[in-house]
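Once you scroll down, you'll see the structures, which are given as structure tokens.
The two complexes that follow have chain A in common; it is paired with chain B in the first and with chain C in the second.
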Partner chain A sequence: MHIPDGFIGPGASAIAGVGAAGGFAVAVRQAKTYLTDRLVPLAALSAAFVFAAQMVNFPVLPGMSGHLIGGVLAAVLIGPSAGYLVMAIVLGVQALVFADGGLSALGLNIINLGGIAAVGGYWLYRLMLRFSNGSSRSVVIVAGLAAAVSVPLAAAGFAVEFALAGTTTSVSLTSVLWALVGTHMLIGIGEGIITAAVIGAVVRSRPDLVYGAPTFTGERTEDLVV
Partner chain B sequence: MADGHVHALYLHGHSVLHRIAPQIKIVGAFLIVIGIVVTPREAFWAFGLYLLAMVVLAAIARIPPSFAARRMLIEVPFLLVALLLPILGGGQTVEVFGLSLSQAGLWDAWNILAKATLGLSVAVILGATTQVPEILVGLDGLKMPSIVTAIAGFMVRYVDVILSDWSRMRIAMASRAHDARWITQIGPIARTLGAIFVRTYERGERVYLAMRSRGYSGSMPASAIPATPVAQWILGGAVIASVWAIAAMAVLTT
Partner chain C sequence: MNRNLRLAIVAVVVIAVVGVVFSQFASTEPDGLEFVAEQEGFAGAAEDHSLDDSPLAGYGDDGSSRAIAAVVGIVVTLGLGYGLFKILGRSNSEHSAVGD
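Right after this comes the complex of A and B.
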């Protein structure tokens, strides 16, 4: 579930759209430098996984459930620029085909989930990884922590956008929105656990594939093919 | 198997809207929604005309009202927020059915209700008349970088595989008495998703190697993008232009 049309004013939506498109162009250029043709299927699978996982609800409290954003998961697996691309593609297809998220709010949604959750979460991950011993165990834990923080961060992004450019003038929704950030902290715990589990499963079986891990090689299947 | 390639929002049909080139529909959907969003909320007549246009488009595409209504349910949580505004809002109040409601709150709620619903109906009509592969052809036609269409293409082919994998695993978990209610019970779900990811990646890698051995070199052979008839651009342009004319009138008169 993403921001629909009419929630944020047209001016701010347009600025966000231009910003998201600029980020998209930069991400395409950067991703091309390291996404070899054999990493494209991995990026695509991360996209498919994020797409599918956003449909899987997990329990938070009785009667309340959340779903994965997958931003940090994608960024740690395939790098921040490809992670941003993946989130933008997922959101674009959701808006165009599944009517999830407004078309005029696409830029805002990409900034929140691609910019804040995926890229922001990834830099948080790198920062925290610097204070660890770089073992695969710490990769998993740090990725989980960064993912957990990325969810309330993205929700806070929405809250700030709404406070700055929301279309409502009647009531200060600030308190409501900060409550939203609070509930997303709980959802973030689920996001963290699932991200850690998926990264853990990949690191255990294919440590060469995890972009954010020190074991990343990015070349192995290429050697195997030639 | 054929069902797996038709997404739930698509409605099989042969209307003009089904036949029109996907890149026109994608551009058109964006431009129409932008027109709707910039319309001042005081211009009721404009929103009435938009609604009429949506009903006409849906009728041309032969989308049954019940189908459209089911697809619109996705906005319900946001509408509930909108409905709270007149109750929580401050300032001048008006009596509606014996309830004292905030005037500004009513305006805010109307603004969100009208724009979100109309924007959603544009997307529903687009989804109902366009299959996912057509969207990808359309993005190609709009000169999206090949890396983006490659990722999007693989993605839409694997989503159904992952989802059916997940539903099989969920049945297996349920039959072993897994019924998670608290977040502390998330462990099995997390481990299952991890296993599905690795399994899907390895499947994708096998498919990729098979493609490589059959001559795949990083990009699909250029699929023939049929040239878009000028008449279709004119038709699409006319719809967009009329929406923007309404929006411009509404901006100028309020």
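Right after this comes the complex of A and C.
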């Protein structure tokens, strides 16, 4: 789900670049309020995991594959602001070193995968966790569900950008929207399974380090209501 | 060996296996966005990437270059992440007495 150059007009891509940079600045300021030295290794490992997992496309439909976004995964592990920064690092490296994702589209990709999938998906996680008993088991299940939903949400974000500033005008926007949401709901199943598996493994070994879990022992920028 | 170090090493090994080994079996079919772009008729709008000629573009085209791409990408993201988060965490290091 990396937007190449050319799908969205240059003006809108540039505006998105400014928006993504603004988001980066806000995320840096927020992350500074809660990141401590003991969270640094998990944060760096999250970036490397998201990069590695995104190389592994899994089959979804005949002729179509999908791969992890990792936004909710990173945000639940290290908080939404650090999660946004992880997505920005991974997308930046992919675009600049591996020619994956357009250079002018980098801002759009950061907004969709960092802003919508990681930060938006995290708030969805928080909202759903309120309806659980807050156990480690529900953290894992709710994180998987939020991750699954974050994928069609990010795809819908692209559909809106495409409707506002897409370079191809001869297509049906509603058809594009539903095709994107439909296919990405299927990809989201993989996202949910991988996210639940990884969060489960980390919660089992270091429940005190998982930002989004009630067992977290550090500071949060906001209270976790369970 | 200290438990945190052991966990970090396990994590790095898992990440390396995912990037180097699992990626060898990755599907080469178009991803969701590419698939929809083809179906809906806007795939042609995609421009070539200006760095398409760089050695690691597209994560290489055979198994060994994919493995190299994975190692490079993992080292770079791990390094950038560690550097950035270390700087951001510094202002709070006085609170880090919790845990560890």
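What we mean here is this: the second predicted complex is superposed on the first by the 207 of 226 C-alpha atoms of A that agree within 3 Å, B and C clash if a C-alpha of one lies under 4 Å from a C-alpha of the other, contacts with A are read in each partner's own complex, and residues count from 1 in each chain.
Definition applied: a contact is a pair of C-beta atoms (placed from the backbone, for glycine too) under 8 Å apart; a residue touches a chain by one contact, two chains touch by 3 or more.
No experiment lies behind these values; they were computed from the predicted model shown.
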item	value
Chain C versus chain B on the shared chain A, clash or fit after superposition	clash
Contacts of A:V139 with chain B and chain C, given as first, second, both or neither	neither
Which of chain B and chain C A:L124 touches, first, second, both or neither	neither
Touching partner for A:A179 - first (chain B), second (chain C), both, neither	second
First, second, both or neither for A:I69, with chain B first and chain C second	neither
Which of chain B and chain C A:A213 touches, first, second, both or neither	neither
Which superposed partner A:A197 touches (first chain B, second chain C, both, neither)	first
Which of chain B and chain C A:F51 touches, first, second, both or neither	both
Chain B versus chain C as contact partner of A:D5, first or second or both or neither	both
Contacts of A:S13 with chain B and chain C, given as first, second, both or neither	first
Against chain C, colliding segment of chain B, chosen among 27-35, 135-143 or 153-161	153-161
On chain A, positions contacted by chain B and by chain C	1, 4-7, 28, 31-32, 35, 37-38, 40-41, 43-45, 47-49, 51-53, 55-56, 58-61, 85-86, 89-90, 93, 96-100, 102-103, 167-168, 170-171, 176, 205-206, 209
Footprint of chain A on chain B - complex, ascending	7, 9, 26, 29-30, 33-34, 36-38, 71, 74-75, 77-78, 81, 85-86, 88-91, 102-108, 111-112, 114-116, 118-120, 122-124, 126-127, 130, 132, 135, 145, 147-148, 150-159, 161-163, 166, 180-183, 185-187, 189-191, 193-198, 200-201, 204-205, 207-209, 212, 217-219
Touching residues on chain A, where the partner in the complex is chain C	1-7, 28, 31-41, 43-53, 55-61, 63-67, 82, 85-86, 89-90, 93-94, 96-100, 102-103, 155, 158, 162, 166-168, 170-172, 175-176, 179-180, 183-184, 187, 205-206, 208-209, 217-219
Complex interface listing, chain C residues touching chain A	4, 7-8, 11-12, 14-16, 18-19, 22-23, 25-33, 35-37, 39-42, 44-47, 49-52, 54, 56-59, 66, 69-70, 72-74, 76-82, 84-86, 88-93, 95-96, 98-100
Parts of chain A lying in touch with chain B, wherever the complex brings them together	1, 4-7, 10, 13, 28, 31-32, 35, 37-38, 40-45, 47-49, 51-53, 55-56, 58-62, 85-86, 89-90, 92-93, 95-100, 102-104, 167-171, 176, 186, 189-190, 193-194, 196-202, 205-206, 209, 221, 224-225
